[in-house]
Structure formats: C-alpha cells, structure tokens
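Report on the structure given below.
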C-alpha cells in the first residue's frame, strides 16, 4: 500500500495517536533532539537524526520486573510479589532505517529455544515502527557497509520518504497497512517515483561501502595483542555514551532496590565500557582496563556476534557512537585498523 | 615559524624522553578534532592546534601514573594540571607542559545552531583568523569565530597557561570581563522554574557518565560511588531524581576543585548545561573561601581544610 | 553642629526657668542649634503614667509627632522626667498594637521612632572635651562641687542607655573640664523625695537632708544638678530641711548649665543666678578669692 | 504546637551523638514538647554527615532536613564540626540553583545541655517546613505530571543558545 | 538475617503516649523481623532475660530495642545480647522515649513516629556486621592537672595504688585555694594544718613527679596511651639547686610584685616564695617586676644566693610525658565582683572579697592574723557580709549557686567574733544553703552563739559615710529598708570556671558547659568521667564544690584511673574506620583531614598507594568517610550504607513510578 501525507497531517496523525497510545518520536528540546514519549501538543522534529536511538521502545533504559510490598494483616505478616509485564501498544514515529533495523539484532539473543525473554518479546510484538528514510548521509553514517541502505525497510512497518509537500508512505507489514488506512493519508499519485529517485540519490551520496567481511577473523587475530588495543583505546574515556546511544547494544543489568517496606527488581541498560560490567564478586575483573573493554565492544559487534549468528554484524551503521563520543573514538577506524594490521615483526 | 611549527619543534625535542605527548588531530570529519597521542614523527605531523581542538589533555593525566608524558595545554587545561598537582594526584617531574596562549575554542553546539543544516553533512572546513568557512552539502557558510566561541572562553580569565615548561604564542595583556547573561538569567529565575528545568533536563540524561569520565578532576576512576553497589548511594533507575542525584554527587565532589574547563558540558551527548551548576558552585566557593581551583600551586581544596573562625560563614541563629 | 529639636518641658517655663535659659545659652555657645518644637505640650510628667499608659504615651507621642513633622529625628530636653516620658513613649510604641492605640488618640500620628536625648548627653557625646576646655574663660578652679544626678537621669539603664546607672560620670567629667574639683559624691543617684514635696514634706526633708549631709561631709562648696525637681527639693526646701532636721545647711544648688555657662563667660542675665533660693554669692566670692590668690602667688 | 494540628511532613534530622543528640535527649528529659514531624538519625559527629545524605533525603522526597552538631570548638572529635560547617554551608548555598528551596535545609549547633534551644530549633524548623508545605517530588509522580512537564518544556522552545530554555 | 524487635513500655513513660503493642505488631512486618514483642521494662533483669531467651529460641542474629536514649542503655543491652552469644554490634536502639513519648502527647502521631524509628533501626541493623575490638597495652602513669586539694588527693591515691603520677600545677606552689584559707568549716580546724601534710606527701612520694609553674601545651593519643607536652615556665631559678632558704627574698630590692598568694592585698618581692609552707619550697622570679630582667641592672639575688641557683637566662621548657589516664582538677576562680556597680566597683578599699578576708584572718597572711581593714589598718567593729555576689544572679550571667559561700560566710562571722570579741557581724543573704553534715548546725551557731545578724535581702548600694561605709539593703522579712554602717564589707564572691578552662578543654577534648565548667559523662551515673575515655574530672573544675566533696571526687577520679590501668591491656572501640583497599585510589585526602593522625599511607603489593587506618588511634568520628569521594574508607557501624538505609527507610523513593 502506498500513500501520501502532508507534513502538517503527519504531525496531526502523530498527535492523535499519542492521545491513544504510547508514541515515541524525535522531539527537539533543550537544544537537542531525542526520542521521547509524545504528548499531544509536541511537535516531531525530522530535521536531524535523534541523538538517542528508538531502542527505548523495545528495550527501555529501565523497567521494573518485580515489585515487592510488605505489610501486616490480622493473620500475620505478608509479602506481596507483583510481576510487572509491559502492557499496551507502542508506536515509533520517525525512526531511521538503521534504528529500526538495529533492533533485529536482539532477536537471536532474547528469543532462542532455551530462553524467551517475556518482557522483551511483549514489547517487540506490541511495537510498530513508522520509519523515515534518509535523504542525505552524515559523515558518520555507514549503514551501507553493514548490509543496509538509507531506505531500508527491514524492521519497519511503514517507510516514509520525504517528497515535495510531505511524505510518501509505503506499508511494509499488514499492521503498517492498517496505520495507513487513516483518513489523514491521501492517494500517493505519482509520488512513488519521486520517492524512488530520492532514495537512489541518497544511496549514491553514501559512496563506496567498506568491506567488513574480513573483520571477524582479523579482530580475532588481534585478540591477544593488548598493545594494539591499548593504542586504539588511548583516547577512550571509558564512558557509556556509545553503548547507550547504540540501537543494537542489548546488554542489561538487574539490580534490586529496597527502601523500607517496598522492594523492586529493576532491569536497566548495562554498559560494557564500564569497569563494573565484568567486575566479579571476588574483586577480580577480567576486563580491568579500557583497552580490554574496547576490544570486547568492537570484537563483539564485528566478530563474536557474527560468528554465532550467521555472519550478521551487530552494528547498524547509524554512527551515533562516533558522533557522540566525547573523545572522538571511531569504531570504523578501529575495525579497519585490525583489518589492515600488518605484523611488522 | 608558525605557532604550530614552533610547537612541533618543541615537542620533537622532548619526544625521546616521554612516553607520549597528548595533543590533537583532525577527527572523523574536518569540523571535529580528536585527541592525539604523539609517540613518533608521523604522529607529530598530524598535530593540530586549531580552535576546533577542544579536548582537555589533563583528563588523561592520571591514567599515565608513573610514566612521564607531555601535554599541550591551553589556559584552562593548565588549571586542571595545577589542581591535580595540588592534590598530589600527579607529579610535577612526570609532566612536561607545552603551553598554548589560547584565543578560545569553539562550541560544537553553537556551530550546530549557526549552521543551516546538521553539521553531520559537513564536507570541508577552512579555518581563517577569525572565522570558520564551512562547506555543507555543497554550500559554503562563514561563521565568525567570536560567535561560536565556547562560553567558558568568553569569560575566560586565564587564557594563558598558568604553568608551562614551554610557552607558545603571545601572552594576553588583559581580557575583557564578560559575564554570561544566560547564567545570570537562569540564576535569577524563581525556584519553581529552575526545579522544572532540571526535572525535564534530567529526564533526558541517560547516565552514560561521559561528563564524569571526561572530567579531569574525577579521579575516583573506576570506583565512583554512583556506580557502586557498596556503598549503595544510587539506584540504577534512570529517572530524573536519580540522574540528578548523580549530578549532585559530581558537584559535591568537585566543590572547590572544578577548574571550569567545560569538558562535562561538552561531552554530554544530550546537551545538558552542566556548567550552570559548576559556575554557580564555583561562585559560592569564591565568595566563601576566596578560592579558585587550579590558579596557584600549593593550595589545599577548601573542603579539605578549615578555619576555626570562618570569616565569611555567617552563623544563622534561631 | 547638627540641628536638634528642643523640648523645654513645663518646669522650664516656671520653676526652672533658669535651667531652660542657661541651657539655651550654653548650647548656643557650644554650637548646638536647638530648634523649638512648635506647639509642644506637656509630656505627662509624673502623674500621667500612673493612671493610664496609653494616654501617657500619647501625651509624649504628640510631641514626638511634632518633631517628626518638623522633619527631625532627634529631640533633646534638659529635664530627666520629660526625657523619661519621651523615651518610654517611643520605646512602647515600637510595639505595633500599642502604637496603634496611642496614635488613635492623636490628630497626627507618630510613625517613626524619634530619639530623645538629654541635653547632658548631647553635650557629653557631641561636644569634645578640648572644645569645651578651649572655650572656658572663667575656670572654676578650686571650687569643690558635688554632682547630683537624681534617680531617673540614667534609669532604667536599658531604656536610657547612657552613662553608668549606679555611678554616672557625665557631669563629673564636665565639671572637671571647667576646672572644678569634683568630690567623690556617693549619693549621685539617690532619691531626693521627688514629688512627695507636696503631700509628705517630712519624707523630702529626710531624704534631701541626707543628700546635703553627704555633700557637706565631703566639704562641697556647691551641688550641681541636672533635674528641676532635684534642684527644687535641695534648693528651695533647704530652709525646711534645716528646720526639720535642726541643721544649718547653706549649700548653693546650681544647674550644671549655669556653672557651665559661667565658665564659658555667658552673661549672668542669661544664667539667672538670681532665681536660686540659697545664695550662690559665696561661691563666686570664693572663686574670685582663689583667682586673686593664684595671681598673687 | 501548631505543626501537630496539621498533617505531618517528613523531616529528617542528622544529629551528632555527643552534643545535639544529647541536647534532644535533654529536651526529652525536661518534657519540652515538640512537633512530631522530625525523625532523627544519630551519627557520631557532624563531620560524618555527608552533604549528599541531605541531598539524598531531599531527592527521596523529604520535606525538610535539619543537621545539628556541637558548637564550633566544642566538637568531641576536635575538628569534625569545622569540616561540617564548610561542607554544609556550601550545600546550603548551592541549593538555589537546583530550584530546591534552600529553606528546606538548615544546619545549626546545639549542645547537650541546650534542651530548650533544641526545642526551639525543632519547633521553628518544623513551623518553617509547614509554611513551605510538602516538597514537590523531583520525579513526576503521575503520568499527568510527566505530560505536563514535557509540555511545559516543549512550549519553552529554544530561547537561549546556552541551555535551550 | 533473623531480627527480634523489643518495644519497651518503660512503665507508663513510653506506653502513656505510644501504643507499644501496635508498634510491635507493625514491626513484625518489617524486613527480616521474625520476632516482635513489647515489654514493661526491657532494661530490667526479666526484660533482658526475655531478650536472651528470644535470641536462643528464635535463633535471632540481630536485636532492636525501642526504649530510651541509646546514650543511656545501649551498653546495657549490648552486654545482654553478648550474654546470649551475639556480637554486641548486632544490636540497634530506637529512642522512643526522649525523642517520642516525652515530647509529644498525640498518641497517633507518636505511635507512627515510634514505628518509623523502629523501621530505621531495623534497616540499619540489617547492614550491621559483627565487630571485634583490638586490644592494646596501657601506660601505667597518670597525669593530674591541678595541684589543689582535689588534685592532691587524686595524685596521692593513684600513687599509693602503684601508679606513676605526674602532677602539673600552673602556680608556683601546689595547695590551690585551700592553702589560702585560714580555717575550714564546720570544724574550724586549721586549713594548712590539714592540707600541709598532704602537700608534703606529694613532694616526697617516690611515684609522684611534680611540675609547678607548668601548663599543658598539647595532648594527643587515646585512652591508655596519651602523649602529653607540658610547658614549664621559666622561673629563672635552678630548682635542682635552690634550697628554699629565702635569703634572696629578703634581699630583693624590687618589692612591686602583686602578692598573688595574698589575693593582691599588698605587694611582694620580685623573687619570691609564695608562702612558708609552699611545695615545692623554691624561689621564682617574676620577670615583669625583676629589675635585672627588665633593665639588666641589679642582680642582688644572684649575689646573695648561697648555692648559685639564679639563672636570668632561663627559658621555658617543654616536657614530654606519656600517660595512660588524665585527671583534670583545675579548680575554680572567683567571680569579678567589679561588675556590680552598687558595690562601688572598687572605689572603696574596705570592700573586699571573702578570700581576701580569709588572708586577713590567716596568721600567715599580710596582717599576721590580725584583722585590719585595708584603708587605714584599723580593726573593724562592724563587719557586713554580702552573700551571692556573682551567684544566683541572671543579670551577670551567673544563675547557678556557688554552693559553699553560705558556709564560709558563717565561718568568717564566727572567726570575726573570735578575733574581735566586741565586733558585730551582719550577713545579707538570699537563702541559707547548708545541706552538708553538720552544716546547718554550724550556721545556727554563727547566729545563736556568735550573734551574727542575718538579714534576708539584697544590698542595693554601699556608700561612704564618714570613716564608715553605709550598706543599704532590703530586709525582706521585716519588709523594710535597712542601712548598716560598716567598717568592713566582705563580699561572698561566687565561683567561676578557672581561667583558661575552655582552652584546656579544647586540648583535652573535654567539653566545657556554657559557664566553662567541664561536662561530666553523665550527671548522675558518671560524675567523674568525661566523654573522652581516660580523662576524669575532680573537684571544682566540674562545678562549685566544697573541700570534702572535692576530696571525695579526687579519690573517685583516682579510683577510675586505677581501675582503668589495672588492666594490662585495653580494648579499642571497633567502630572505627576501615579502608576497602580495592576501592581506595590512594589520593590521601583522608590522611589530611583526620584530626588524630589515625590514617597512614601504605603501598600495596602492586606498588599502589593506599590508605590504612591505625585502629587504636582512630576515634570513630567519620570525617574521613565523608572526605573520601570513592566511599573507600568507611566508618564501621556508621557506614554510608547504614545511614543511607535509615534515610531510605524514612523517605522511601517511589518504587512504582512510571518511567515517562
């Protein structure tokens, strides 16, 4: 199904949805643009790629898994445990193809024969993505090098492409078709061609893709070469900006909070660049330095994950980790350095 | 000889005796610089000291404990070094300071606001004496440096390094005293507005700790109480209150120690104006203790000492 | 020297006319400009506050309000009783509800706090010792005086906030500046009998007699006072005292302003020594004798 | 005690063991009636009181926090209250920028013999907190509050390049 | 953890305004609480037994008692849980008496508050861990500060008990105020005859080292191991040689020194032995009045001294001594009566203090025991005593009773009659306070046998009347004003804390009260202990006291010191700071802020700097814990986690908040 919607109507469409459902959309505030829960009255900001990815929709930064309440009754003391499974539908409007596709990296981990993460699965199954294709790549974009392109509809339910006067909309899934049935969408007319031309141009602007196919093996070769990793991680400050921005990072931490008579089990994003990520109870830390940790982050995305999951690189090429790194660490350069490494001994 | 060449020559003379010299080079695009760790001649060739070179090399100083390193420092960076020396966190004989008399660095946020489109689309940058000529999606835009100067530079009282082994450039005679209108305007707001501002701003924080890890004075390294379970100061909950709690920890631990290099605010991926908090606390420290961190050697941070009679702390009676 | 509002008090118009006149003359000589309060009225004196505090305060407050209207914030009076009333009123009216009650009785309310000072305090605090010493043309050298302050000049201390309330020294110092020999008079702040002069003369004669007796013990040539009532009880009633106590006191009782004026060379007409009951001439005689002796010696 | 007539507010007290806790005991022994809102946490010395405890309490939703130690020079540990004075003064001065009313936090000195002073301090502080009313929760408590917050900010736009508000 | 909670009714003290049963019921639902009950008197024998039984039967490993202040019974309950086999630190108290039941009457609010306090205690206890004390050796030596009768008694008792004693006295001789007294009440026995032998004992006791003209400069260390620096002022006389022959004092030409021993009644020589019975009987030079020291001329004493002990170049000397315990017996000073304008502020020479009168009565005094009034040396016939000069008077900030003035005034009235049989004494008093053994009888004798006229009322003024002073006062019993002609007026000046007491308190870490008297650990149960372990109080430094009470307290302080040091080893409080070595980044900030020097820098196996706490030196203040940004150094029993748990129990963060 192909439709057209004016920008004004898209804002209206989003606002109406937001009145009924949990809508996540890029909103400009405080000088930056982030995905946040859309409240009727807010405007969507399509001018730039949101700083934080839409990962929150399917994998929120924190979610309560369990609530515990203590109380006393006539019959004695009681302990009430409440599982907090997510409820309701969520619609993401304005994600980019990289972000929508990135979430697919989660599935092989959270939905296996042995393990099915009920919290993740519920959210995934109840979330729709209305994605906006990119018309111009940024200097940090490299989705084309990890098997995607600026108009990739994978992982989306609807793909929007900016055209004269509004957006050309194409439904990708049946649920997407249902969305496009809304009266605010008009006949697409000849805009399909205009959109196709835009998409082609965007892909051309990205230029030659880099070939990461040798990365998995080459990174493994460098596994024990801590000198290499120390040099690569010199400027890394070991913060979590890269992992928290990343649409594909799926690591989490579970902590119990208690205060007085209430307790809670909380799941929150974890960050493999942090010292505490692998800190063991004994005090020993197998990844005690930032070099170890950067090796793991890059190795995991370009080598260990592809090894386990059909050569799929666990990176969607959105470039957020590069653009937002306070020290300018560029994951592309780290992988390339491993690929191009020549043993001078 | 240009300042850059002068600096390169100076560094070249020290390279053999140092583990590395920390400077800057061009980053992932012409608009962004990145720290450079100079170990050999080819590294040295990439050195850049343009106003885009913003990172504080002092951030890395404690990470090289026991090794002897060099650092290219601007005025504010030298303050960080002095404070680290005062707190005996680094040793003077282990650092060689290549000082740059600094005319200010840019704020990427201001550049972003000044450009007609996202700076992600930058193609080329030409750095003039007082302007940046930026080619963006095929179009050239000129921005005056003065307009995109970082806030910390607009009010900088110490553009010239306060401590350096080699000094490059011309010392500044005097600096125009400026105040930051937006800082003052914010401070003057009623409590309710400030409260709401932080509530909303903190809801954006993802607690990536970039502000902490980039801070040259955050020397707890991997043992920050915000991330520890013992002691357990904070929940992992990513809520405004917990995020703000972390900022309070940061402010509290920086009381009398912050050298106003502005790295926390620069590093924040979601543009939280942390310097509002820093500058306000520093002002209080200045008022009560007459202390400015990192402006002179051998000063103890005010919270690590006391006076029996505190001249400027009034007892509030009941 | 600053201008200061002047409240003469009722007795200054009659029994202590010489106090009022000498005060004006002395202040003029010392450069203190007294501005009379126009249309001033009685402060309430001793009886008013025994009957009703609000009415009493209103009587004083009327005068304070007039000071305020004349654009001044400080008033001075020679009389300790007036001083006490004016200060008490101003103090009580710091309490808002009391102020409202008192102001309700006045045509023009008193809104600001007017400071009242005794003339003695003004001279002691605003004229420096050297200035006075330099202006002395008729020094009191050799004259032995007992300074008697009376009971309310400095009491209660928290209200008056001037000088030591048990052993005041302001007049002692002043007389010392004029060259007089000030005897260590121990009963400076004892009661003279005050207003018992009409109903119980026996009390006045007993108390005032004791005061005179202590002065005589110290060989005082004269008493110096700052209070119209004290002066009257010691001076006018000295005859009654002599009768009642079978004594023979002949001690002149001066206002300090009179002796100050004398020393400053002010004409006797303005000082009105002729108003005194006990003949002061022996004092002046002694002074001139001493002066001659000194010149001869 | 007017404070008792109203709904209780949550006031946290941090008291040093030697002086102020003793002062509170003295007030108790003398049966000096006090409002009941305050709950006291005993610490050995005011030098043990991390200003971050105060912040933690305020961000957790405390309506007021009262810190009390030995009078300067009287510290059982000689110097604890000297450090505390500097730390707490800086906190008190810092609070305004956060939008948290600094009157919700107070620090003072009460000795073990000053039962009456303690009663006065508690009564006055409790009265002050009741005048200020319940503190606003830093975390929006309901979905509606979240929405209001979001809109409030959104409507502000980007008036200032420095911090977007 | 299995926690037991015990809510105490304290009779009706708590239960009167707190619903203890519902607090116990609510507490049963608190985390890890397996047993919760309420009892009438938890601190009583059966109450404690109940706790012990519950620990055994319920297999408790932590106990919370909600009762009175922990400053009262925490040690009691700690011992109880210890008897049941638990570590004493697995115990917490909630103060629901002083902080709840006694200060509020609203039962509902009180009950809620009590439950909150119990929850806080439970939450803290859950984070407690067993702590075991370290033991250390003690130094068997006692420092006694002050050589008055209280200090003398303490020193002699300690020395007789086998301890070494170092006595430090600020003045030139020991003896204190008592040495200046002529006779003592109620027995009228000679003061120096009673005290003299004890002073000699001090000088002769082989276990006592005496330093006079000396003050405490600095004190560091801790109970059992104090390190003391004593500053001995230069006396300009080598006391190792001086024999006290007194030739120098006879020949000294400078006779302008104020006679301190005689309460400034007259002057004395620049080189002086204060009184014949002085201990040590050594001469000392007052440098302010010595012509040799001031102007470099004279040198008479050096010439006449048979043993050549004069040394004009002598300097102050610092003496270091290590002691295990300290007895503070610094006594009192007299109120400065000049603050009262009505007594003449010093204008009348015949208005003197009671202690000056004591010197006039004394045979060794300036008048050789003949009462002569200062103005003209005449024998007074009418003597007026005024009581409560600087006592029981808020207007001069001395609201307290000085305790013994009533008694010595009665004594002085009696002695006046003895000395001058035709004299008449008058005593202006407020109340007669004579609660000691034989005391009231004594005052009655002064009135009935010696005819002292007691006038109940205050004196309004004193003024000269001829050669006499007229004392005017109120006779409140007769309801009249009275005037009494007096030849001599004696003021019963009140007792003040000794000069310098506040400063000494800072050095010793002993808190003075608002008037400068040192505060004891507990007003009833620990009258000689202070809050600093190993430092004890004796005599009037703690508050006004007469001689027998001071002597008794001197002995009590000595008994405490003897008891303390009778142990070979002491145990330190284990609630001290502890470093988590893996968290410590070696920044050494804690070392800088520790007031006790209890933290030192060490190097770990990897060569990294770390902090280490010297457990016996650490006093447990926790300044370091707040200093450390990493939370690496934690004060045991008051860790961040424990305090945060209390904060969180008190203001729990909302756990079910929606995240946007």
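To keep things simple, chains are lettered A, B, C, D and E as they appear, and every chain counts its residues starting from 1.
In the analysis below, a contact is a pair of C-beta atoms (placed from the backbone, for glycine too) under 8 Å apart; a residue touches a chain by one contact, two chains touch by 3 or more.
Note that the structure is predicted; figures quoted are calculated from it, not measured.
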*What chains touch subunit B and also subunit D?*
A, E
*Could you name all chains that are in contact with subunit A and with subunit E at the same time?*
B, D
*Suppose subunit A were not there; which sets of chains would still be joined by touching?*
one piece
*asked:* Please identify the chain with the largest separation between its CA centroid and the CA centroid of subunit D.
replied: C
*Name the chain whose C-alpha centroid is farthest from the C-alpha centroid of subunit E.*
A
_Chain closest to the middle, measuring from C-alpha centroids that were averaged per chain_ = D
_Chain pair showing more contacts of the two, B-E and A-D_ = B-E
*Euclidean distance of C-alpha centroids - subunit C vs subunit D, Å*: 56
*Express in whole angstrom the distance between the two chain centres, defined as the mean CA positions of subunit A and subunit D.*
42
*Where the centres are mean C-alpha positions, what is the separation of subunit A from subunit B, in Å?*
30
*asked:* I'd like the Å distance between the centres of subunit C and subunit E, where a centre is the mean of that chain's Cα atoms.
replied: 52
*List, in ascending order, every residue of subunit A touching at least 2 other chains.*
29-32, 36-37, 61-62, 257, 259
*Multi-chain contact residues (two or more partners), subunit D*: 50, 56, 59-60, 73, 79, 83, 87, 137, 139-140, 146, 150, 153, 161, 163-165
*asked:* At least two partner chains per residue is the criterion; list those residues in subunit E.
replied: 582, 593, 627, 640, 644, 648, 650, 652-653, 657, 659-660
*For this entry, which pairs of chains touch?*
A-B, A-D, A-E, B-D, B-E, C-E, D-E
*Across the complex, what residues on subunit B touch subunit E?*
87-89, 203, 219-221, 223-225, 228, 230-233, 235, 237-239, 241, 253, 300, 304-305
_Going by the contact rule set out above, which residues of subunit B touch subunit A in the complex?_
27-29, 32-35, 37, 55, 59-60, 109, 113, 117-118, 120-122, 137, 200-201, 203-204, 206-210, 212-214, 221-223, 227-229, 235-239, 263, 266-267, 269-273
_subunit B-touching residues of subunit D, taken from the complex the two chains share_ = 50-52, 55-56, 59-60, 72-73, 79, 82-83, 85-87, 89-91, 93-94, 96-101, 106, 108-109, 117, 120-121, 124, 136-140, 149-150, 152-153, 160-165
*Contacting residues of subunit E [partner subunit D, same complex]*: 69-72, 95, 97-100, 102-106, 109-110, 112-113, 116-117, 120, 502, 506, 509, 511-514, 519, 531-532, 575, 593, 595-596, 619-623, 625-627, 635, 638, 640, 643-644, 646-648, 650-654, 657-658, 660
*Report the residues of subunit B in contact with subunit D in the complex, numbered from low to high.*
109-110, 113, 151, 180, 182-183, 185-187, 191-203, 233, 239-242, 244-245, 248-249, 251-252, 255-256, 271, 273, 276-277, 280-281, 284-285, 287-289, 302-303, 306-308, 310, 313, 315-316, 318
